[in-house]
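One chain, chain A, links the two complexes that follow: it is found with chain B in the first and with chain C in the second.
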Partner chain A sequence: MNKYILSKKLYRNELATFYSFLIGFLIALAVGSLILFIQEKNPFDVFSLMLKLSIGSVNSLSNSLNKAIPLILAGLGISIINSVKLWNIGAEGQIFMGAIALNFVYINTSINNSQIYILLLLVSGFLGGAFCILFPAITKVLFGVNEIITTLLTNYIVFGLTIYLINGAWKDPASLNFPAAAYVSESVYLPTVLGKLSSGFLICILFTLIAYYIKDKSVFGYEMRIAGGSELTAIYAGISAKQKAFFAMLIGGGFAGLAGAIELLSQTHRVSTGISQGFGYTAIIVAAITGMRPIGIFLVGCLFGALTIGGSVIQTIGVSSYIAEIIQATTLFGALVAQFFFSYEILKKDEND
Partner chain B sequence: MIDVQLMGLLNATLQAATLLFIAALGELITEKSGILNLGVEGMISVGAVSGFITAINTESLFLAVIVGVLSASAFSSIHAFVTVVLKQDQTVSGLILTILGLSLSSLIGKPYVGKKLEVKLESLIDIAEPSNIFQVLLSQNLIFYIAILLMIFTAYILKKTMFGRRIEAIGEDLKSADSMGLKIAKTQFIATCVGGAFAGLSGVYLTLSYVPYWTDGMTSGRGWIALALVIFGGWKPYRTAFGALLFGFLEALGPRLQTYGFEMSPYIVKITPYIITILVLVFLTIIKNGNTGAPKNIGIPFFRENR
Partner chain C sequence: MSSPILEVKGVSKTFGNVKALDSVDFFLQKGIVHGLLGENGAGKSSLMNVLSGIYLPESGTIKIKNQNIQKMNPDIASSFGVGMVHQEFRLIESFTIKDNLTLSKANIFSDNFEEAYEKYSEIFTLNSSYLTPINELSVGEKQKVEIMKLIFKNSEIMLLDEPTAVLTPQETLQLKESLDKLSQEDDKTIVLITHKLKEIKDFTERIFVMKNGKMVAKNLETKKVTDQELIELMMGEVRTSNFKKDNKKGDVKLEVKDISLTNSEQFKSLEDISFTIQSGEILGVAGVSGNGQVELANVICGIEKEFQGRVLINSQDVSKKGVKSRKKLSLSYIPENRLGVGLAPGVSVLDNSAIKEYFKASYGPHLSKGKMLGYLNDLIKQFAIKAPDVKAEISTLSGGNMQKLLMGRELISNPEVIVAAQPTRGLDVSAVEAIHKLIINQRDKGSAVLLISEDLDELFKLSDRIIVLYEGKVVKEVGIDSATIETIGYAMAGINE
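This part shows the complex of A and B:
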């Protein structure tokens, strides 16, 4: 018979998620080194170059933080939706939809005051993201349709829509080789605050606090947790679980849409396929690895932004940028392994048992 | 003339359906045991790229198929380890399996982008222009017939053998299964790896026959459509096969609409399979009133409380 039994720990270390993340990151670096080693590259050289080019100067640091913006915002959106125990795999599509909605409003309106205009454009990005998840949200709360599959498939639809628009109605005749929509006017660019760091990063800090407030401090957040926890408790407490789920999804989608709007106004300045490079998927890792905590998402988002920048610069020395993605995904797998040892203990079976 | 077109459509339907069906059937087995694996897309990709690389380097199709299937299965064992042994969240693990699988296959496939395959899975009986439905059926390649055999085997094993009944017992009622002394972890681990092997076979079919080359992201959401197919099929092999034919037909119909006189932007045609998948899923969930027939313990880790 089995000599050992598994037992759930009664008390879980409060910093378990943090330690798991660290352990996961170390495991991921080890795996990354192994891959580099197989490719006959010196891992130490590659990693130190990545470090230098991602946080070594004001310029590279601001690049890294700019990359962190969409990861953080989309991750926050995912975490809000997860409060009701639902998954948003559609952040990638919502980011694109945010940019599309922004461009739609931009084409059809004209406001002279650029600050008000920027604000309007950011709001339309938020609404675009919310609109993108509207159908999965409605079908989830009304009929119980699996939101993982509907939000994921929406990504492909919105990406197809983007390609359709930039090759058709919105095609910029001046952009010959690379299909894209026309640039927005320089007056609505988001200003930079430090080096190349976009003021979008300040919006990002603000929304991290908002998400923290919504999730952990507000009545809505409390009701969301109850709604996501147990259907019966929600009924006893007089909370409409469906209503909470619906609004959580729209808000979460909006966060990702805002990420797309900021990306357009600060980086690409036009709708193109470059609006997101898989940020919506990386955001899932960022959100899951922190146990859906907004402050954690902010910090890990910054780290992963730096990793992404580091990954793209090492291409110059012939190392594939996918190394960064693999390190990100492996970090989460490593963290899951570590989580096990924080939540369970292996006990020796008592002989008399 | 119409006949040739129609046979072409039928042929394309069968090919698209085979690809989706094998992956869906594997996921069905995994889910029957109570393990949800959202990593199908990643596993198909791993199978596709490793099969392709093997085929290019060894020019042996047999070896390519074996390597593709085994590597996807080995890859799925990460999910099995994390969810079955370590009892971590199946949704998180599966999603990351997809992300990891896609980036890993992009990494190892990079030197092979644009390379042409010298050997390709040919149809067993070469019929240049099939003119009736039997000739189309006979002109498929080996994996198509393997898919049919797998369907019959899987249906039989799940319904008629002890092993299949055990899988179902574990997926439906963990506590009873445990008190009956069934080896839950072992069964779930095997079911997950079998699901991975099937996804690998589907991936091999993709790069060795369906589109005989390798590019990044070429699985283009088929793993997710396969996941939707399992729901569509109500966790039943034959019904899943029917669903695969339907989805395969829609995928094959898209690019041909123009020849039938429908003017449609090719960009819109490309997204129709995803729209239709969502609509079918919604429609199905509505008529079944939310009860799609999923195994009851899906996504719930097994943990025997010690007292």
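This part shows the complex of A and C:
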């Protein structure tokens, strides 16, 4: 009798992650087409319209890239935390916390030099994100509490805090029935660089390079890899696995917090529930698709930003914007299944082996 | 003699290139306690796994209660009344004793559980209500529940794999009494697997001995066999050394003074250990695994910090120092657990090759890949490591090459003190030879070597002196010239001459 067993491939194709993404994306387009077909729309028309309205002009392209900023930054944070094989599901909360921390500093300080002020506000956003993941990090390191649960739960806490603040202490009377905090002064808006493209995108490029450096070229990244591979090996090597996990989490949280700060300073200009539209969750998809590689996160983040913009504009021709989310989610699903087949092979095995 | 309740003939089982069982014969008489003796890796557990249907042998016949069994599996074994207690408990921790005992579909006491529980908890001197959850029991009590589980599913043939390893001396005595009662009153057939001589003599009526996958002695009568005979059977012949022992010794490089280690359950895993090793000397540490070897290595290398006593490297007290500063004082550690401690699984060959001295490839926070690669290429050349793709995961290397990478990484800097634990375990003959040459070569360069091994051949071949660890104590220390297999074997088994 023959048995079939799954065996991990020893050697993986260097480009396996890229191919997996392509396969996933093609499957997603096929699924999207099928749904559009059922709705009696011509998939080709819809997709070409999406393409045109998301990257067809300087304006639409800058809209798409603006949407990509929070996805990329939060995704980078997730990938840094994953270096020690931990999962950050709390990027959404960290984004909000970044914006809240920024607003807190903004209300309580005043600096005339707007460039220095913007820098200070961005730093407070980063620290806010790090603060948000502080408690999951402490409970993980001291008591081994599963970080997936704690980071997920902090999302709800921070969202509740946001609602409380914009309905209470920070409520802007001028915003009437729509609960939101007061707008920040125009002097601290992030300037645009090209069309509507926010200079936050440049920060985003810089942080992509920083994340790449931390993960691939630094001593800290090396120590995180060893700690992520085996805690016992880390102890044997004199590396504190707990310390690495702690700092990886804080840095990763900070990246997402920075995303919230940039979103506030360039898009919403105030704390409201609109700071994030699920960017923190989509960022998990972006990071997972790319196998946690910073450059890949940057590229897929841009694509997903364009998809989001494309999805929102096709509503004008009566197609639901959910088609974009379906494509994003199916890409992840297809890519993960493809990655599985790149990493494992099915072998026929004689039972007596 | 009546015909055996269980009979195994010519059973063989191979894993890869290793013959775990080599045409083994084995038989059991109803109602008595049998002992199965052998060193670690002799094939005892493999044989038991065949009997309980977990491994399917390549050849041989199994006969239980005069019935030939064609294709054994756990269900068939269970229906023929074969039950096994594994070394790792298989209890559901959050369930009560009762739930665990009655979980099996073969449970025979579903109607009169309380009566049966009363009877057997008395036999096992288990003083807990059956409503107690397992996680509130001590290790010894869990062991009792494990054995009772076999009774509750009506196992007539009970295979106990190293049941005393986790027990205190009192609990061991209690276990002996319980097993005696079970064999006499309930007519149970019991197999006790162990490598402890004293227990096999105390517990059993008949003894089988295994070595290197072969059954070397069958059905010996316990009362008539001497300790010395058993040790010779278990350890076999030791080949004489083929390395010259005319090495020059120098200053004391490693000194260990009055080391004691108490774990969280107040169990002393190390007690008053002292020794010195000179430059150019190999001190062998013999002992059955689990007698404090891992703990000793961890204390010396700075991984275990909560110990009493002192560790000196080059006359410098390092007792309070961490792993990295000890490494800077020229200490290398080759841990017993190759993949998982010495090497990080899932991480590349390149990253693993730098674990000892990655800080030498760094400039501030920057880590130079070029320097790491250069260092790895030196290792690959000097230690003849076959590594086809250095960016691939470490598990792409064979066991021998992994160990060469690990040894090379720890030895290339020519350390003054080396702690090597089980450096050749699981390797094939040529790899073993290569590793032995590396150790001797390092000795001749003037390193002080602490060699922890369960393989007596290896210890006799390489060591200049041997100490024996038993239950965390040094029970014997001899120079290699006056060491004999018997004296070491006795000490390993915890017998004072």
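We take it that the second predicted complex is superposed on the first by the 335 of 353 C-alpha atoms of A that agree within 3 Å, B and C clash if a C-alpha of one lies under 4 Å from a C-alpha of the other, contacts with A are read in each partner's own complex, and residues count from 1 in each chain.
What we mean here is this: contacts are C-beta pairs under 8 Å (C-beta built on N, C-alpha and C of every residue); 3 or more make two chains touch, one makes a residue touch a chain.
None of these values were measured; they are calculated from a predicted model.
*Asks:* Assess the superposed three-chain arrangement around chain A: do chain B and chain C clash, or do they fit?
*Replies:* Here the two partners, once superposed via chain A, fit next to each other without clashing.
*Asks:* Should A:16 be classified as contacting the first partner (chain B), the second (chain C), both, or neither?
*Replies:* neither
*Asks:* Which partner, chain B or chain C, is in contact with more residues of chain A?
*Replies:* Higher number of touched chain A residues: B.
*Asks:* Which partner chains sit in contact with A:299 here, chain B, chain C, both or neither? Use first/second/both/neither.
*Replies:* Neither: A:299 stays clear of chain B and chain C.
*Asks:* Who does A:222 touch here: chain B (first), chain C (second), both, or neither?
*Replies:* Touch status of A:222: second partner only.
*Asks:* Which partner chains sit in contact with A:230 here, chain B, chain C, both or neither? Use first/second/both/neither.
*Replies:* second
*Asks:* Figure out whether A:210 sits in contact with chain B (first) or chain C (second), or with both, or with neither.
*Replies:* neither
*Asks:* Determine, under the contact definition given at the top, whether A:238 touches first (chain B), second (chain C), both, or neither.
*Replies:* After superposition on chain A, A:238 lies in contact with chain C alone.
*Asks:* Shortest C-alpha to C-alpha distance from chain B to chain C once the two structures are superposed, in angstrom?
*Replies:* So the smallest C-alpha gap separating chain B from chain C comes to 5 Å.
*Asks:* Could you give the residue numbers on chain A that contact chain B in one complex and chain C in the other?
*Replies:* none
*Asks:* With touch defined as at the start, can you tell me which chain A residues reach chain B in the complex?
*Replies:* For chain A paired with chain B, touching residues are 5-8, 35, 87, 89, 135, 139, 143-146, 148-150, 152-157, 160-161, 163-164, 167-168, 281-282, 284-285, 288, 320, 322-323, 325-326, 328-330, 332-333, 336-337, 339-340, 344, 347.
*Asks:* Hey, which residues of chain B end up touching chain A in the complex?
*Replies:* Residue list for chain B touching chain A: 38, 78, 82, 86-89, 91-93, 95-96, 99-100, 103-104, 106-107, 110, 220-221, 224-225, 227-228, 231, 265, 267-268, 270-271, 274-275, 277-278, 281-282, 285-286, 290, 303-306.
*Asks:* Please give the residue numbers of chain A that touch chain C in the complex, ascending.
*Replies:* Contact set of chain A toward chain C: 10-12, 217-222, 225-226, 228-230, 232-238, 351-352.
*Asks:* Can you name the residues of chain C that touch chain A in the complex?
*Replies:* 56, 58, 301-303, 322-324, 327, 333, 335, 337, 340-347, 351, 354-356, 358-359, 362, 365-367, 369, 389, 392-393, 395-396
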